[in-house]
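Report on one structure; see the data block that follows.
Chain nomenclature is as follows: A, B and C, assigned in order of appearance, with residue numbering initiated at 1 for each chain independently.
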Amino acid sequence: MSLLNYIFKRIIQMIPVIIIVSILIFFIVRLIPGDPVTIRLGIKATPQMIETLHKEIGLDKPIFVQYVLFIKNILNGNLGYSIRYCAPIYDLLKQKIMVTLFLISVSLTFSVIISFPLGYFAAIKENKIQDQIIRNGALIALATPQFWTGLVLMIIFAVSMKIFPVGGWGESWPQRLRAIILPAFTQSLWTGALLTRNLRNSIIDILKMDYIDFAKSTGLSTRVIKKRYIIRNAMIPYITLGGLELSYMLGGSIIVERVFALPGIGALMVESIYGRDYSVIQGVVLLIALLVIIINLFTDLMYAYLDPRVKLE
Amino acid sequence: MHTLTLELNWSRGNKMITMTKDGFNDKKISLLKRSTSMNIGVILLLIMVLLAIFPQFIATHGPTDCSYKDMLKPPSSKHLFGTDNYGRDIFSRVIFATRIDLTIGFFATIVPFVMGSLVGLLAGYYGKWLDSILMRILDIFMIFPFMVLVIAIIAILGGGIKNIYIAIWLVGWRYYARLVRSEVLQIKNLEFIQAAKTLGYNDSRIILRHVLPNVLNSAIVYAASDVVQCMLAAASLSFLGLGIQPPTPEWGAIISEGKAFIRTAWWTTVFPGIFLMISGLGFSFVGDGLSDILRTKGR
Amino acid sequence: MNKILEVKNLETNFFCKNEIVRALQGVSFTVHEDETFGIIGESGCGKSTVCYSILRILKDPGKISSGSIIYKGIDLLELSEKEMVRYRGSEIGMIFQEAMTALNPVLTIREQIYKAFKGKELTKLEKEEKAIETLKMVGISSAKERLSQYPFQFSGGMSQRIMIAIVLASNPKLLLADEPTTSLDVTIQDQILKLINKLKKYFGMSVILVTHNLGVITEMCDRVAVMYAGKIMEIAEILTLFSEPRHPYTIGLFKSMPYEGTPGEKLYSIEGSPPDLSNPIKGCPFEPRCRYKEKICKKILPELKEIKKEHYSRCNFVEKLENVKGLIEL
């Protein structure tokens, strides 16, 4: 099976998953106690308004039909309207997703920059003092909550040293680059710790493998062994974890965006919870689920590219 | 003193578990003594547990004692960690919060541990359609990042400590199910299980006495780090105002209250986080030590 | 005959956390050109460590503590790592016990063979031709398709052949074969051994063959060293060893062969078990299990002495073994 075939197969497999996820979200939102219409219209609603809106949204029709309408709307780009923001939810999401995607991309980049050399170094100095320091450092990073690290970084670098802004999303792109550094770094400490551990462990395992000994015995240079034997093999679990972490960062953005006042979908979700704006919550969750599915797809494809055993078996 | 220990016997390459009445397993104890990080972890946890049980002996003030003339004072000899915007002593609040945070961390982990392991056990052991269904459900749920799902559940149920538990319970079990299931699948085909089957042992006996002890190892190790995750999750929820409601002291909530004053009063933010970190480290070190012990058992 | 390799007093230790495992102690032997030199011994006696030491590919915590390994007149232990790399592959090659795990799982066979052509200026076409030729030489048909495949797609026997092909592609003069057939089934074993012999003749290589299988030794080797507990106990030409074994351990090994006993009789095995190499042993390491021992054997480690031409034995009381019969009669 060639790579193209594999890609195609995975995309096909994605479709039923998306459908099930959408059904799930649809039903769970309907579970929320209270009549969504009265919630939407507020206290001042008259019985007439309630009935009109009911008909408009289609709440008087059987649930199955409602679902179909729901899907139809989504495909048309109609995710509903947010009363709080006075904007179609679709536009809201489109605007804010950019911020979040930017955040997690920069975070992942930082994580890789941190974890790659540290993980490699810790592996070759297995159990020596450098390894212990790196491992314990990772443990510390994993034991601290992101909101706290973010705040501490903010105190040091933004409030006190004034290098970065105290949160917020700038007006221009240079400003935004400055604004994203602290939040991205906060998130990257967590993911970086996990990636460091992962790389360290897999390289230690790889170094024990026979094929490294054999490669050495055939006189291959250390550079070649490092690149094509050690790192190439270590990349498989590393990238798999990286992809997984990227989707987790979508969840983490909820916290980080709140701390640094970034207008992303994580912040949007929190605000919608405060304001009981359920259509927005539904939209955000749907979008996040879709993103995770796509990220998983890409991770799987990368995995298949790196590990020949996958697509050929 | 006799302790019931589970000994792992290697017999011609197959793992066999026998329950033996034994004295102390020498190797385990010596391993325990050698691991300095595990010892540090145990000490840290003991300190935290003591603080949780007897906060009143360490704290200098009550957790909710307000004092309007002492608002937002920096750390001093009278107020070790300074005061917050209500004049409450942060040191005491942090100490009193220990009980709440540790309790949440622990109990939020236990239920998913049991539930998830059970699901993983059944799915892995019985396989076929049960496994397929459970795994499909698991896959779907795995699509939602942990925090997203937890917050979504909180959105439906509302905030408060009871709902934190429910939310984390409903989401946290999935990791254990995956973990235990893959361990069961590995063991299932080992010969000693098949031997037990031919001997006519019924399923529950096989599962309880032979499969279970072997597969719980990775789940236990994961649980140690999961306690940290649950504590952090609960703190994060409280930070967002969706969890513990004021004026109950909880590390995340204290930090949240301090956030508004970050420019002027850094102490309201920094100190509670340090305690979270120390507890997290304690659990992590203990978890690492456990994983080392469980791994070298019987070698 | 010319010497191609001379190992003198090689001492290799593994410096583990709480103990030092003395894997090789005072190992000395010589290998001549065009000769197949066997090293036989049970698991843990150090025979594989000899190969790893010669190529200096010991893994931490293993270190060569003293001795010399003289290859074509150069002491390999005096070379820097950079200089040593030039000897690996093109002068001395090694085939490993488990072929499946010795090959890089994520690279194609082609990429792995090409790497053996390092240092040679070849065009892509020349490399491809040479690769196909090498695969054909080790008996792999449809070589062209095989080159594009990955290690996991091959059986144990084929992987072994591929490994041999990769080693041969660099044209070494000395081949270290570390239990090359132990993990293969019997029919394949035979094929691989015959292949090694064929290639040895074709390329004019010398071979050090490490094994615990007496049958393999008889089929392949010109001279044999018997190892026990990190030391060489006896070295002799093959016919001499099998007809006139002059060490209690060798004699014990021969006696343990199943067809040596009479039907219905209990099979012989040497009493006791090999010593723990982390505890320094005074005297002869085989002493606890030896039926010819005397008090002095506990205290004095016998030297590896030449008792007849090209026949060495490390025993305090070789005279006692004068009349012991071997496996064959000459």
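In this text, contacts are C-beta pairs under 8 Å (C-beta built on N, C-alpha and C of every residue); 3 or more make two chains touch, one makes a residue touch a chain.
Given the structure is predicted, the values throughout are model-derived calculations rather than measurements.
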Most distant chain from chain B by Cα centroid: C
Which of A-B and A-C has more C-beta contact pairs: A-B
For chain A paired with chain C, centre-to-centre distance based on mean C-alpha positions, whole Å: 53
Geometric centre distance via CA averages, chain B-chain A, whole Å: 23
Residues of chain B engaged with two or more neighbouring chains: none
Footprint of chain A on chain C - complex, ascending: 52, 55, 57, 59, 85-90, 93-94, 96, 98, 101-108, 111, 115-116, 118, 150, 152-153, 163, 166-167, 170
Footprint of chain C on chain A - complex, ascending: 207-211, 213-221, 224, 228-229, 232-233, 236, 306-309, 312
Interface residues, chain A side, partner chain B - complex: 17, 20-21, 24, 28, 31-33, 136, 139-140, 142-149, 151-152, 154-155, 159, 166, 247-248, 250-252, 254-255, 258-259, 269-270, 272-274, 278, 281, 285, 288-289, 292-293, 296
In the complex with chain A, residue positions of chain B that touch it: 37, 139-140, 143-148, 151-152, 154-156, 225, 228, 232, 235-236, 239-242, 252, 255, 259, 262-263, 266, 269-270, 272-273, 276-277, 279-281, 283-285, 288
